[in-house]
Amino acid sequence: MTADVNAPAPQTDAPLLALRGVGKRFANAVTALDGLDMEVRQGEFLSLLGPSGCGKSTALRLIAGLSEPSEGRLDWHGEEQARRAAGQPSIGFVFQEPTLMPWASVFGNVHLPLKLAGIGRREAEPAIAEALELVGLSGFRDAYPRELSGGMKMRVSIARALVTKPRLLLMDEPFAALDEITRFKLNNDLLDVWRRLGCTIVFVTHSVFESVYLSSRILVFRARPGRVVAELAIDPNQPRDEAFRTSPEYAGLCRETSQALARAMDPR
Amino acid sequence: MTADVNAPAPQTDAPLLALRGVGKRFANAVTALDGLDMEVRQGEFLSLLGPSGCGKSTALRLIAGLSEPSEGRLDWHGEEQARRAAGQPSIGFVFQEPTLMPWASVFGNVHLPLKLAGIGRREAEPAIAEALELVGLSGFRDAYPRELSGGMKMRVSIARALVTKPRLLLMDEPFAALDEITRFKLNNDLLDVWRRLGCTIVFVTHSVFESVYLSSRILVFRARPGRVVAELAIDPNQPRDEAFRTSPEYAGLCRETSQALARAMDPR
Amino acid sequence: PAAAADKVTFGTNWVAQAEHGGFYQAVVDGTYAKYGLNVTILPGGPQANNRLLLPVGKIDFYMGANMLQAFSSVVEGIPTEIVAALFQKDPQVLIAHPDVETFEQLKTRTLFISKEGLASYYQWLVADYGFSENQVKPYTFNAAPFLVDKNSAMQGYVTSEPYAVEQQGGFVPKLFLLADYGFDTYATTIETRTELVKQNPDLVQRFVDASIIGWYNYLYGDNTKANALIKQDNPEMTDAMIAFSIAKMKEYGIVDSGDTTTLGIGAMTDARIKSFYDKMVQAKVLKPGIEIARSYTTQFVNKGVGKELAPK
Amino acid sequence: MERSPFRWLLPIGVLALLVAAWHFIVTLNNLPPYVLPAPGAVLETLIRDRAVLFGSMLVTLETTALALLLAVAGGVGLALIFASARIVEFSLFPIAVILQVTPVIAVAPLMLIYMSTDSAVLLCAWIVAFFPVLSNTTLGLNSVDPNLRDLFRLAGASRWQTLALLRLPTALPYFLGGLRIAGGLALIGAVVGEIAAGSAGQGSGLAFRIVESAYRLNIPRLFAALLLISLAGILIYAVLSLLSWLALRRWHESEIGGPA
Amino acid sequence: MERSPFRWLLPIGVLALLVAAWHFIVTLNNLPPYVLPAPGAVLETLIRDRAVLFGSMLVTLETTALALLLAVAGGVGLALIFASARIVEFSLFPIAVILQVTPVIAVAPLMLIYMSTDSAVLLCAWIVAFFPVLSNTTLGLNSVDPNLRDLFRLAGASRWQTLALLRLPTALPYFLGGLRIAGGLALIGAVVGEIAAGSAGQGSGLAFRIVESAYRLNIPRLFAALLLISLAGILIYAVLSLLSWLALRRWHESEIGGPA
């Protein structure tokens, strides 16, 4: 499978979700987020970048509705608002840890979201096979999680998030455990998926290069309390390919992003 | 703390360990390694690079003695041989997963190897504080693992491996979950530790850049069955600093390594 | 002199109650002391715990329930024997609702019988009267199932269960004392080790004599102190219950009837024991050929001890 | 060794050692059979009275099996009800505890008023056996990996799906642990139930044999009956351990590396 | 709700409901007290006979506490021995199972030959209670995260250190689960032990009150005794749950989010 990196990007400017003055304080008095304002736009590929422990995962969990903000609010817009009201959010989440069910095979783990949607084994088979093919694990469908390498587990988790073709894809450092070549391939595959499905992706990464290569927009976080300190927009219609990766424009964007990140780490 | 990147590297050419024709086959008939020949030299910084699932973690576990090869053998040399015979291997291991004890605080987790060596809380305090300072977690000594972000957990794990100042340090993608700035800082800190302690480091990574920046030697693995397909030596006395990172020499080495990796991924 | 008194322990087979009255009497009125004995009574419980303590020497005398157990001791080679029988009649009774007129009618009733009962006298009821095991339901020393099931009867001690039935059920039940229908075992015996009989017959004699006197005094004398001790050992016991038990013991001649008028309380005769054994063999409760003579000795009883204490 | 067929010899060897010790204690101290019968005498009795004893054992085993089955059904069923919310668990657990601590010996007569002997025995055995299943299963149902729980939440899993596909598998090792405890308890529950409420006479279980033997002071026979109970207990435990191994060997730490 | 102080009202409310149902069953069916006494009558008896009953309860509770303590010591001790190697566990577990399934009712008379009544009662209660602790602790000791085990191995941890610092903490939630089962079992073990081996008469425990009340058809009093046992059981369970919560709330899933 080769990604059609030249197809038009699905981005629109319609807002999907706005976080307004969101704060998150944990029981142990750690303030993970404070006064976080950010927007997620319909169909964009948004990357969150920031130092370790700055609240990226926390923000992603808030967006997913897995935890409630201690202050501020989340506003959903448009179609998605209706969907959520009807209790049919279509979210794919790749957790920072693989989060596989130890008692199920690779196939079973990837099948899970479909099964939960009432799609049986037989019916789900093609979609699962496709997802496993995408992450290069076709040969391991009957293996159990404990028989997989770290990167393989993470790939199963990615396949599981993609198999439902969700409208909103939240990914928490999905490629951190992967070698560069697999990573590049999956970068392209993900872009392809994004374009084909026209879905919205919020992507947490530590790699400046990756964020620039993939995103249509990058938010840079600072730590404790976590909030957005910089925003970079990248032309979504710019084709993402080897040529882009070696272009001076890319290098410039990376430098810019790196500087923003460096500032975020030492904001004083 | 700034790393003294210009101190002489501790490398010698004396072999520490040789793996000869090592194979590893798991109970489920997956052959993770087959005919692996490699050497670890006294005092070197050796990186293992290779596609996901190629057997890097498996090789590291064999070196650590955590699993036995199905075929072939491991020969320890010199001082280390005697040490092992006396049952006093001094190994620090950073697992691919954080592997923290959920019931112990950050302090307790880092204390663990010292405690096992009979060093009490009070006595161990300065070493633990130093290790936590190194990974930037001084403020979290009383937090429990489940209250930490993914990257923070991994940093605790790194601190735990460093706190004993081991003679052999085995690290399985220690920095994969970290942002680039933290990562760069820890890269330098690790080089500093390596030089100061004169220890041997075997380092698994997915980042070509990282491997070139850190290592005195790089082994590139191919997958199923896993074995070494390329070897690159980098002058250990070359200072590792921002200048090196931006030098054309560095870029060339990175390109060379990337190509070796690309060949490893498609060996036919 | 109290200092020289022999310390002996007497184990009973149930919690303290009027059926043990004579022994308590001998304790409180100093009869045992007078016979040079310092007696401790160790009450039993629903499990016949104390019985095994006799052969191993933890207790010196044991209150046996009936002759059957003594016979099985012979079968199992346990060196104990009966030295006195305080109850001439086994108080074992079948308790029925008032509509039951005859013993025969019980054959059509559900019978609540304990496991021990089923293994012993009930086999005799099957053999001699044509009762059936199928009509039996377990008796768990609680009369409620009997009270609820109007078409049933249950086992009991004539001196004991009928009281609870009268109180709670509000009717006077029909009682069929098995002894009156031919189940002629002795009951509430004193058992001791054969070795003790051989080596210290004097001690045994003193215990038997004092106990017999205790029984005379308990039945016919002032038993208030004995009853107080019973109530102390068993706080569940009430004066009404004790009065009921004593009345029944007298009414049915449990302790003092038949041979006792001539031989005194505690009497045992070879003929009676032989007759009972033969019946049990007939009923297949016991095997033939048991040396029953080894299960008892009459050397300590039939001497008319204490007879003068009985009202004329 | 851990995997060799000889491993089965070990527990048997240990038991043999125990029996030998027992034998020597009896012969050296010259203990009479009513204090402690020699193993030989017990075995002899077992063989001589095999018809009666094995017949009784079958009756008891039947009760045990049924009680265990019902304990599983009841324990898991209650655990599922409790699992619906912490607050339900909190409100209803006292009732389960009351059931657990009710001495069946005391309530058996009341049971007999309303049910047949067999049902009463079964109920007694059930009361004794259900709690470990309930308690361990509840613990297991509450020990779900929070990340996996989030995953299910996100995937829009219904309460029921989360239960079936997440909480139940998580609870499986705990449940199987509870089951191993319940197995032995069902057996003694059956025996105690028989003592408390069981029928006597022909066709009755081992408890009656025990009571009867005790009454007749036939201690070797009492021990033969106890021996059968012990064997049944070991058998039940072995079967449940095997079951546990079969269910968990592919993924749970406790069973990776061979059946316990 | 889950955290509010009113949560304590819920189980009490449920129990109150149960008592009300009990009351109406009795009055509507006009049940005689010997079949099922009304709650009022039971309470009355409880208050009237409080001196005797509470005295007995103390005796029983003392036995229970001691038995539970010994069950923990014995269960954990055996689990530690078993933990030394799978093969040891495999060889010795049958003995533990034999102990578990031995009906104390049957062997109590034999125990009395060798020990005092009090010890025999204690032993009975112990036999009933130790197994869940043993079984769950063993399961927990074998459920160690394999990565952590490797970590310890690498750090040159001694067998003893691995046990103390890794396996025991891992086993803690399992152990505490076993303890909650054992708590109730120790209580019924004490009651059964008292019935089987206990001396009757003054200073004896609740079991004796129960047996004697049943025999005398003083059913309200029997229920008063049962009530006390139930209350004791709930109390023990609550204390053990609290203990469990205190020990695990900072790290184990089963207790994060409030005591069960």
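Observations on the structure shown:
Chains: A, B, C, D and E, in written order; residue numbering restarts at 1 for each.
The working rule: a residue touches a chain if its C-beta (ideal position, glycine included) is under 8 Å from a C-beta of that chain, and two chains touch if they have at least 3 such contacts.
If you're wondering where the values come from, they're calculated on a predicted model, not measured in any experiment.
Taken together, chain B and chain D share the touching chains A, E.
The chains touching chain D as well as chain E are C.
When chain pairs are compared by their number of contacting C-beta pairs, D-E comes first. Centre-to-centre spacing of chain A and chain E amounts to 50 Å, using the average Cα coordinate of each chain.
Averaging Cα coordinates per chain places chain B and chain C 86 Å apart.
One finds 87 Å separating the Cα centroids of chain A and chain C. Averaging Cα coordinates per chain places chain C and chain E 38 Å apart.
Contact with two or more other chains is made by residues 97, 146 of chain B.
Multi-chain contact residues of chain D (touching two or more other chains): 35, 109-110, 113, 145-146, 195, 211, 214, 219, 252.
Those residues of chain C in touch with two or more other chains are numbered 48, 51-52, 56, 140-142, 144, 148. Chain pairs that touch, as defined above: A-B, A-D, B-E, C-D, C-E, D-E.
Those residues of chain B that touch chain E in the complex are listed here as 61, 64-66, 87-89, 91, 93, 95, 97, 99, 101-104, 112-113, 115-117, 144-146, 164.
Contact residues of chain E toward chain C in the complex are 32-35, 52, 105, 108-110, 112-113, 195-202, 208-209, 211-219.
The part of chain D that touches chain A in the complex is made up of residues 145, 147-148, 150-158, 161, 165-166, 169, 172, 250-252.
Residue ranges of chain C in contact with chain D, taken from their complex: 48, 51-52, 55-56, 69, 72-73, 75-78, 113-116, 118-120, 133, 136-138, 140-142, 144-145, 148-149. Interface residues of chain D facing chain E in the complex, by the touch rule stated above, are 1-2, 7, 10-11, 13-15, 18, 35-36, 86-87, 89-95, 97-98, 100-103, 105-107, 109-110, 113, 131-132, 135-136, 138-139, 142-146, 173-174, 177-178, 180-181, 184-185, 187-188, 191-192, 195, 207, 210-211, 214, 219, 222, 225-226, 229-230, 232-234, 237, 252-254, 256-258, 260.
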